[in-house]
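Order as written gives the chain letters A, B, C and D; numbering starts at 1 within each chain.
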């Protein structure tokens, strides 16, 4: 097995998301970190790359250097991860796609739907992979929900209820904390704070699990902490393309909820309940029967769940392994492509540029609705 | 201690709510069931009354007989509970109040706000107690939340999130089940099904805990099971009189959630999380600290919680004891009145006609919003 | 329905257990408190009786007065509850049984097995009911476990694991707290502290659920808090009459466990897990399948569970309603006896003098084992 | 950073524990898999090594080849992991230690205490690291418990209660399942089945967390499934070197418990409760206060916990990351040794040959006690 060459942009020293990507990419031994432009400061970027074991000549000072450098190489990176500040995702992703690289971009893929649509088109035209890191979809039991919905265990899906509500922005004293401040600065965060940053995960998961898109919505945005110009709590009612009714609550003020991503799916024949904080259990209730606790790695799960599962039942698998599932799928698909083979269809479950584009379009629609008396706004991704 | 005489209208044989009221009223030995008109069928009404130990002459055939009969007695009932079908609450409650009785009415107190306002005014004019049975407010830890908010433990309340989402109306095969059918028949259920029936409890609890009223709202109603004309799922965004942001999700389709009443309260300095299915634990998180599990009956709770608590910590107290707290408070207030004394202010926490009126006004506003593109509707209870 | 006359000995003002008995006995309207000797101080005893609504002439100063007074009456009490300090249970229970009264005695029924055996024989000879208040067996889901074991859902029972471990005696500063001190004083507490007081409940529940008796045991007693002469933590390995392996851990030092009574039952075909702190849920795992959460009041439970259940599913029923089930059963059996009828066999599930005797015999055997290098001690209840 | 060379013996294709080791060793990029003898069948061993990316010449056919081969190299492996069948651990570990390699051996380190003691002495004499993979001690919150006990948060530790009870050996139909059969075959499993295999983890954790050793014990072993000669359930009472009272329940029959490793620690001033299935939460109750839920990655934990923590709070870290912590510590200590430096003392927390020896000695003592009427057996590790 030859390892695939992996390159990373952003995710420098001390970056949590950078660490999560490195663990995820490295976990199965499919990828080796071969190149990087890891920090906004060129010297730091190069030094940290070397520190991580990248060859000196591929420890670049910035992404443009990296693009130029890699283009010259025959062993150029097989996958580029873009984990830079949000407002730079579009430009970098676009540049790498146009130059023939496969890309995994952090969410949000772009700052607006126009750029999003543009990425979708470029990836298509270039015939490149552009994945978007809605990493929570890598959890085995999230994939199980999707599979069970798809095969009809729940019948028609009536209601999906998603939440991403935690206390991460609850401390008013954080006004000058840089980790918090930029989220509420429209120049850096764009049109939305918690909805575009956290809620977007829950929203995407609602789409992922139901295999539907949002078709219309009504939103209420609220700003509770003084001095903020973007929302720190929002509520969105929506409808989906197959008629499912959606509810999404996002909050950064929910003190006591550690993370807060949860999803509930209710069909004619049963209901699911799952929360990211305890990802190895899925509550499944068939209509008229007692609730069952499905355990990751346990008997009777779908092939989709088992495929994404690594260690024996009863041993928690956490977020780094969910990320690793995204990378493993990408690795399989890229290798198959290299060898001219068809990848296992189950490897094609990773979120794509389409997902990235649609998610940001929904956020924009929500902003519009919230500005106009919560009026219903339609979305049409088929035109 | 002389027991108070208690009369009941509705709550006949096999009625769950009737049983809950009898347990609640009887639990502390403050009330004795002295009169009743328990069933819509006069013979059954009389027979069941006698079976429950009521004197034959006070086991009435219907509420009008009861009103006439009790008026003639010097030992007339001290409190009348109205637990009849919803559409009769107004007429019966009105008649007893106007004739000088104190009343505890099941929710919803009336079918519309006009009737609700009228009850408020009659009770005021007659100087009678008119309580409304939002019985879940009788739980010790719900009272603790209210007390803690009032004394400022949470600082300004930013967001209150309430849910009443269960699977009670999820089975499409229940279309002809009488227990379910009437809830979706506008003639019997009025303008709303799950929101007016279940959601109203969660909504009232949001008001009870924050000591605020709803000032405006935007609602989305959805009907997912074919053949229904009223909503079986709804989402309401609201604002409260002191600026708190509110979220309310109501559903009868949430298979796997046994009951589904939960409330979360988030202030500047901390957050609460409570669910009716496990009413003896309250999750309390002070900003920046670990979540604490407060146990009913445990050390360090408020006087309001301790007063409503009966057995030692670690022993669950359930819904019948919450109901009993409403009755105990009413008993204390009625006895104090009889004796010309002032009742303990903590006994005055039971929900009143004002609460009944405001709740139904909010439901009507939600219906209006849902009919008009989820536009925001204002409520003003001060005019 | 004529109410049965109920008399109570002990359970005076401020007594938690007295309150629990009054709620339990009164809940279904089967019993009225007709006589009492409620306090050790005669004046207090009479005054509190009157305060609770007992006729002055039946508000006795002590139990001997009560026995004499009731014997003279044709409407003498139908059931006497004995809730006095432990060391007086035997004498009082004996006296009332011998004079033809039916008795419900608090646990432990006696201070030693000899007295226990004697009570069994007296009750038999007199043909009177002698029930013992292992009140936790009144929970619907505990009765469900027993019923499910009996009907073979679990196959042969291999292991039963019981615990009663809480932090109730963890505070060394409680050395002079009278609520705690007497538990460790052999004169008042007898041969054992936590095992005889708390563990005995868990032990009885193991017997109740499996319908077996303890046949042999090995015990380890430990005393961790300085100044105590009796154990504050113990571990018992045992075997049961049908071959089940038993484990019992009792502790008063387990800080953070609010109550701590739990039971787990493992058979060839499935396992149960239940805890008193959340009595409305029972975890049931059929071999090879996912764990199910059985809800009190939910579909598919046994007749035994449904019979003991009062309010609709999703509404907690707590400890007072478990006590009420014991009283309701006793009421049914006593009424049937009065009327010369056979009671519903399901009403005969309350714990009896046999249970009281066997439990205390097991405690004595444990003390013996603990004193002798944890050697195995046999019990034989058939001789 | 130069990667350390890592070699693995055992853990061939399809081995769960092999996968867990590879993930754990690889996670931080400290080790690279440089050599291996992965399967008992030489051809498979070599082929699988190559498949995992090992150079052909270091993909050995068996451990003896590997020892000989590596001895000849200047870049010989820095750490050898032994994950072969239990009865071979001693011979292999001994051979590598004697030839100057550092070793991480799977548990149980040896089949009896004599061999265990011998390994301790060899490692000491050779001045080599011999670690034993009690991998669950790598969890951040387990390390926090140890640190909190050490710094006195709980005062004197009174009771430690450990369990490893799951349903893994509950299916009687597994009699011929090779995964199960060998555990009950004394030739392969040694003197004990579930106690030596599973209970030993819980026992070691009790020692790890309290920083004490077992000083005496009384054990009961039971065999419930027909046809087995070793125990499938056991109960052990023990005492520890600083006077702590211990309780250990081990079972393979506990249907419905997915994994079942839990630990509770009770001191004078507070109590801990932790379970392996939800490793990111630790329940901490200070005496007289509400229970707190400590979250991995949250504020206020010990340096020991934070050091072992990787991703942000609210994101589960699972078992592979606990293993990775053992490897990271070993990596740091080995690197420090190479460079003649002192490693961070916090890196020295991994379990050692001493732990492996003492654990197996305790198991042997338990077997002896169980055979002799549960008599108390003393252990003395100081002689």
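In this text, a residue touches a chain if its C-beta (ideal position, glycine included) is under 8 Å from a C-beta of that chain, and two chains touch if they have at least 3 such contacts.
No experiment lies behind these values; they were computed from the predicted model shown.
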Shared chain contacts [chain A and chain C, defined touch]: B, D
Longest centre-to-centre distance from chain D, chain (CA-based): B
Chain centre separation in whole Å, for chain D relative to chain A (CA means): 35
Interchain centroid distance [CA atoms averaged], chain B/chain D, Å: 55
For chain A paired with chain B, centre-to-centre distance based on mean C-alpha positions, whole Å: 43
Residues of chain D whose C-beta touches two or more other chains: 284, 288, 291, 295, 298
Of all residues in chain A, those that touch chain B in their complex: 158-159, 161, 165, 167, 170-172, 218, 220, 222, 224-225, 233, 235, 237, 245, 247, 249, 251, 253-257, 264, 266-268, 270-273, 283-285, 287-288, 291, 373-376
Interface residues, chain B side, partner chain D - complex: 284, 288-295, 298-300
Residues on chain B engaged by chain C in the complex (per definition of touch): 1, 3, 16, 19-20, 22-23, 26-27, 29, 51-53, 166, 258-260, 276-280, 295, 298, 310-321
